[in-house]
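Each structure below is given as structure tokens.
Here chain A shows up in two complexes: once beside chain B, once beside chain C.
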Partner chain A sequence: MVTAVQLLVNGLALGAAYALVALGFVLVLNATSAVNFAQGDLVMAGGLLAVALAPLLPSVLPVPGLLLLPLVLVLMAGLGLLLALVAYLPLRRRPPVSVFISTIAVGIILQNGAAVLFGPEPRVAPPLLGDGVARVAGVAVPEQSLAIMAVAALLIGTQHLVFSHTQLGRRLRATAQDPEMARACGVPVTRMILLTFAIGAACAGAAGLLLANRYFMTPTAGGDLILKAYIAVTVGGWGSVPGAVVGALLIALFEVGVSWLLSQPVAQGALYGVLLVILALRPQGLFGEAVRRRA
Partner chain B sequence: MRDWLGRDWLGRDRVGAAALLVGAVGLLAYALIWASPYGLRVLTVAGVYALASFGFQIIFGLGGALSLAQGAFFGLGAYVTGILGSRYGFDASVTFPLSLLAPLLVALPVGLAVLRLDSHYFALATLGVAQVLHLLVVNLPDLTGGANGVPGVPPFALFGWSAPRGLPTAALVWGMVAVGGLIGWRVARGRLGRSLALVRDDPMAAACLGLDVGRLRLMAFALSALYAGAAGALAVHTQRVVSPEVLEFPVMVTILTIAVVGGRGRMVGALLGALLLIHLPEWFRGLERSYLIVYGVALLLVILLAPMGLTGLWTRLFPPPTHRLPAPLEPPAPPALNGERLRAEGVTKDFGGVRALDGVSLRLEAGVIVGLIGPNGSGKTTLINALSGLERLDAGQVRIDGRVMTNARPDRIARAGLARSFQAAILPDDATALAAVAAARLPLDRRVERAEAHARWALERLGVGALAGRLCHGLPAALRRRVELARALARRPSVLLLDEPAAGLTDAEKAELAALLRALAADGVALLVVEHDMEFLLPLADRVLCLDRGRTLYEGAPDGVRRDAGVIAAYLGGVGA
Partner chain C sequence: MRRGVVSLVVGLMTVAGAARAEGLSFPVLVPLTGFLSLEGTSQRNGALLALKEAPAGLIGAAETIDTGTSPEAAVTALERAAGGGPVGAVAASMLGTQMLAMLPLAAELKVPLVTVSGTAAITEQNNPWVFRFFPGDAVTKTAHARYVVEELKKSRPAVIYQTTAYGQSGKTHLDSAFRALNVTPVFQEGVDPTAKDLLPVLTRALATNPDVLVLHLHAGPTALLLKQAATSGLSIPVVAGSAMHQPSTAALLDPAELKGVCAETAASPVSGGSPAVGAFTASYRAAFGKEPDAFALGQYDGMMMVLAAVKAGAKTAEDVRKALSVGRHDGLAMRYASDGKGNMAHSAVIVCYDGKSRIPTLAKRYDNVTGVVK
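Up next is the complex of A and B:
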């Protein structure tokens, strides 16, 4: 029983970080109907950015990770804007596969740029609050796991509030649903798309900072993370925002559970096997596809 | 340049053929005279990548499906040859075919599972294949040598002859490149390549023309896997070791960059791209490990500035001579039958909570023109989509020539003899009118030349034969409609569904269109025409069906429709219904 709770805590912490990655991916997907393949490499960039910035903070400050978070969010949002300007806006009238390739290109540049700057070794970012482990009824809960869940919940909650209750959010949603119609209604579509890329990259950066403490970060980590985000969005239903979050939690729990039962490589392989079965039997995802093709 | 059977192997592009010949001679001279042993080895690796990229051009360049498994298939082919060659001492007569077979056996089930879905799922599934293969290789050290890989792979050997390092291996690889390139080039120019390009540009239109989208993509994916496996096997014979690096993302990135920089869908592009990109790190030694950044920048710049790549630039500088037009040839007509061709009964379709079609029944007979009218949103286009297989019915039955075709795939329905037009223009911009119409014949004719001759006939029949060589992009609306109609007609359908064919035409053009449609009906085609313009439709139609909110409001003679109280109410807004 204790083991099960322990696994649940680990799975939820990992899932919270995956959820941020998938959230950024699906927001950009909805606003542009293009796949941002650089999302995984943006997570890696966020993680290594935190690693690089950490020594710059005065060492007397108590919660280095938490102080880094706003900095990483802002810088990554800037990187997201740059990504949109370079790899999306010039290609918006071309077939979606063009953006797929341009974001692959940006991902390659980020990945190998990071390898040149940081070398291939795994790096560790400072924890959000501390390295301590709380004991709750016999279950060891690392403070970092709690902090990951809290920060992810806070960011996802904020995103949800902004999208559902503000004028800006309505404009962002209108852009995602039907850019042509939104433009006709006076929504500044291009600015909304730029903003969406910034939010998506900021989500990725936050996930990078969170993951880089518990799971380390290497320049090639992005390939695995984009696959996870992609699977989460497919499982949750292509284009569904809540589906992406739930999908991310599900695959993290699956990964943690199977890793404990068998091994990490088996978990990865099994996750992919399950994905293929889902694609073959229920391609609209477990909860139905949110975007419908217009005939 | 024709061979002894009179087949035209080099095509009509004399400048391109000459450039290729000069390039080949230059490469041969370099290999024989100037190349150092190291230079020869780099050239051999470039050949290996060219071969892998040929396959990628077929699935991605022609088929438009972004496979992220080409690098993994390459690695799989490499491991099969590496393990069987070094552990068990098999020669190429065993290892080479198995290196082709293994990627094929992975590609087929994955392709069957996802190739009918939207293309982003294909990218995901193939990315997963790559990750799993890498995981397997690293975690099965007993079989694969784990992270260290398999050393001591023998050279390529066949029936006692083996290819030593240097020139023999280079000659072997480049011989394979020549054969593989020629096959790929024939595929690209032939029926398969043309069909794939159509599927890439507009899968929905391709399906409505009778092309089996899933099967075509599966064939392309299988071919790509074979090329990758062959390239992987040759790579191991060149390197003599195999390690997990062959399965890592940089291999895939290199192949993708080669294809895009060289020119998507062109075999010459793959060749050029491979020579250029594999030599790039050698020319700029300072790059060392950061050469992948240069690949990333090159990929980004080409996709932004020259999306058709280097060969695209070449074609712009030296446009190939225009196609010689084939003589028109009438395609075989379907057996002239009288009576009922299509019958739909109780057709019902819900979108969420909205019932778009509610028990609609319809009969189309040979030689009869049925007009379909109704206010906006009454379900006219939904009915055409349902009959042509683009929407699944929630209830009801559709028969074509007596065969039940309810919820069959659009390509099956098209092959059963149904053709349709779309409200929106769907002709590919960068194709000539002749090529666009010939595309409709690809599922029927065995050779492209024959399809084009039939297409020429269809264009002549609609009075636009003179447009055959013109690009579809920039055709005026009325001529575009004619070309679209020619595309539908080229297949000699027994049932033709037209969605607002007169929209945007002048009165004179409408009169010509009406005469054409009457002539088609006289030939025995069963027609359904959706139209808002009553002055055009009512004199043309033999029978009229009026829909309102998904239900049949009126069915009968065109004269009666103007006097029908229900129809008047539906159009004028409910008064006196």
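Up next is the complex of A and C:
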């Protein structure tokens, strides 16, 4: 029983980090109907940014990760803007495949740029609050795991509030649902798209900072993360924000659970097997498709 | 650090003209990008340091080409390097698939390939132009298993390995080595390098009641598993694969998380052992701003044996090949001699961490494991 709870805690922490990756991915997807294949590499960039900034903070500060988080969010939002300006806006009227290719190109540039700047070694970022381990009824709960879940919940909740209860959120949703109609109604669509890229990249930065402490970060780490985000969004429902979050949690719990019951290679294979079954039996995903134009 | 690398390369290129006059160049064709870039960078650094420290008048051109991870890129790099004039020897990629692709071309061009690749197949092609200055799994895994059984007196190992070619090869040789010692692992399971949470496999391993954990994982997964083992309060010893000895792996963990952890490797330059190794480590730090590992030292030793052959009178690539085939070389890591197939390294060491420092200490040497070195 203790083992099962322990694995559940680990799975939830991993799922929360996946959820942040998927969230940024689905936001851009909704706003542009284009798949941002650079999202995984943005997570990597956020993680390595935290690694690079950490030594600049005075060593006496008690919670370097928490202090780094807003800085990483802001800088990554800037990188998201740059991504939109370079790889999306010039191609927005071209076929969607142009944007796929341009985001793949940006991802490769980020990977190689990180390899040149940081070297190929795995790096570790500072913990958000501390690297201690709390023990509750025999279950070891690393502080960083709790921090990952808390930050993910906070960011996802904040985003939900903004999108549901503010004028900005309504404009962002209008842009996502029908950009032409939104423009006709006076919504500054281009600005909304830029803002969406910024929020998506900021989410990636937060995920990177959190993942880089518990699971380390290398310049090539983005490839696996974008795959997980893609599966989460497919399982949850193409374009559905709640679906992406639930999909990410399900993926992580599936990985951890099947790895425990059978083996990790079986879990890897079974994950894609289940994905095929979902695509065959419920192609709209668990929460239904918010975006009709599946990429 | 980068400035150090740049000035080293510029320095080598400056003397390249003199080397052209000697007629031989020594290209460095290694993976600097992709999944093997960490080890490839160490390889490059070791080769460049050897060329920099070579006896006066022998320094050849040190053109460095990134081979990435594709066999085609490696072949193209070899063709390009060979097209620039007579080549004495090539510091060649440690990626097995790239080596296998380059071998026929090396035989055609008659160029010795000096590598630290661990892939067993590269020296099983009857190709006289390949020389491996890093012990293969047959050597390291024998040392790995012998330390577990003979020194730690353990008989119920749980083996966790990577599902990659590297991991499968290590697992196969661990199987043989444990069998030779009359020990049967109580648990064996592979994990993918992208797995983020290794607690499930650790839990499954511990459920079989092992008395030692034997790892054969890449650097990141090794650190990840050890971190999760420390969180879980693991109480049995861990003997890891060579990835653990890399200083960049230890840097991912708190020293306390390393307590009770040992690892096999060809060498551990940061652990010292002799004044010459200490001088190598100091030079490496000064040139590259990072700690050297066994790959760097192996490639360094290999290129130093090549340069020693040139110093002794080798004028052509064929002369260098002959010298490597029949000669012996007392390198910093070990004594090197070919087994007739190009396997030059026949020793391994076990290093252990005390829980207070990230610098391991030498626990055991296993010399001449294959019986080749006379």
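Everything that follows uses one rule, which is that the second predicted complex is superposed on the first by the 288 of 295 C-alpha atoms of A that agree within 3 Å, B and C clash if a C-alpha of one lies under 4 Å from a C-alpha of the other, contacts with A are read in each partner's own complex, and residues count from 1 in each chain.
Assume a contact is a pair of C-beta atoms (placed from the backbone, for glycine too) under 8 Å apart; a residue touches a chain by one contact, two chains touch by 3 or more.
Just so it is clear, the model here is predicted, and its values are computed rather than measured.
Colleague: Putting chain B and chain C onto chain A via the overlay, clash or fit?
Modeller: Overlaying the two complexes on chain A (C-alpha atoms) leaves chain C and chain B clashing.
Colleague: After lining up the shared chain so the two structures overlap, which partner does A:113 touch, if you call chain B first and chain C second: first, second, both or neither?
Modeller: First partner only.
Colleague: Contacts for A:11 in the overlay, against chain B (first) and chain C (second): which applies, first, second, both or neither?
Modeller: Touch partner of A:11: chain C, not chain B.
Colleague: Does chain B (first) or chain C (second) touch A:101, or do both, or does neither?
Modeller: First partner only, chain B.
Colleague: Touch test for A:268: chain B only (first), chain C only (second), both, or neither?
Modeller: Both partners, chain B and chain C.
Colleague: In the overlaid three-chain picture, which partner chain does A:91 touch, first (chain B) or second (chain C), both, or neither?
Modeller: It touches chain B, and chain C stays clear.
Colleague: Using the superposition on chain A described above, determine whether A:224 touches chain B (first), chain C (second), both, or neither.
Modeller: Both partners, chain B and chain C.
Colleague: Determine, under the contact definition given at the top, whether A:122 touches first (chain B), second (chain C), both, or neither.
Modeller: second
Colleague: Contact-wise, after the overlay, does A:3 reach chain B, chain C, both or neither (first, second, both, neither)?
Modeller: second
Colleague: Just to be sure I follow: which residues of chain A are touched by chain B in one complex and then by chain C in the other one?
Modeller: Touching chain B in the first complex and chain C in the second, residues 112, 115, 220, 224, 265, 268 of chain A appear in both lists.
Colleague: Help me check something: in the complex, which residues belonging to chain A touch chain C?
Modeller: These residues of chain A touch chain C: 3, 6-7, 10-11, 14, 112, 115, 119-124, 131, 133, 140, 142, 211, 215-216, 218-220, 224, 252, 255-257, 259-260, 263-265, 267-268.
Colleague: Which stretch or stretches of chain C touch chain A in the complex?
Modeller: Going by the criterion above, the answer is residues 32-35, 37-38, 40-41, 163, 189-192, 194-201, 203-204, 219-220, 223-224, 231-233, 248-249, 251-252, 254, 290.
Colleague: Tell me, which parts of chain B touch chain A in their complex?
Modeller: Against chain A, chain B makes touches at 64, 66, 110, 113-114, 117-121, 123-125, 127-129, 131-132, 135-136, 138-139, 204, 249, 253, 256, 260, 289-290, 292-293, 295-297, 299-300, 303-304, 307, 385, 390-391.
Colleague: What residues of chain A sit close enough to touch chain B in their complex?
Modeller: Residues in contact with chain B: 35, 86-87, 90-91, 94-98, 100-102, 104-109, 111-113, 115-116, 220, 223-224, 226-227, 230-231, 234, 238, 265, 268-269, 272, 275-276, 279-280, 283, 293, 295.
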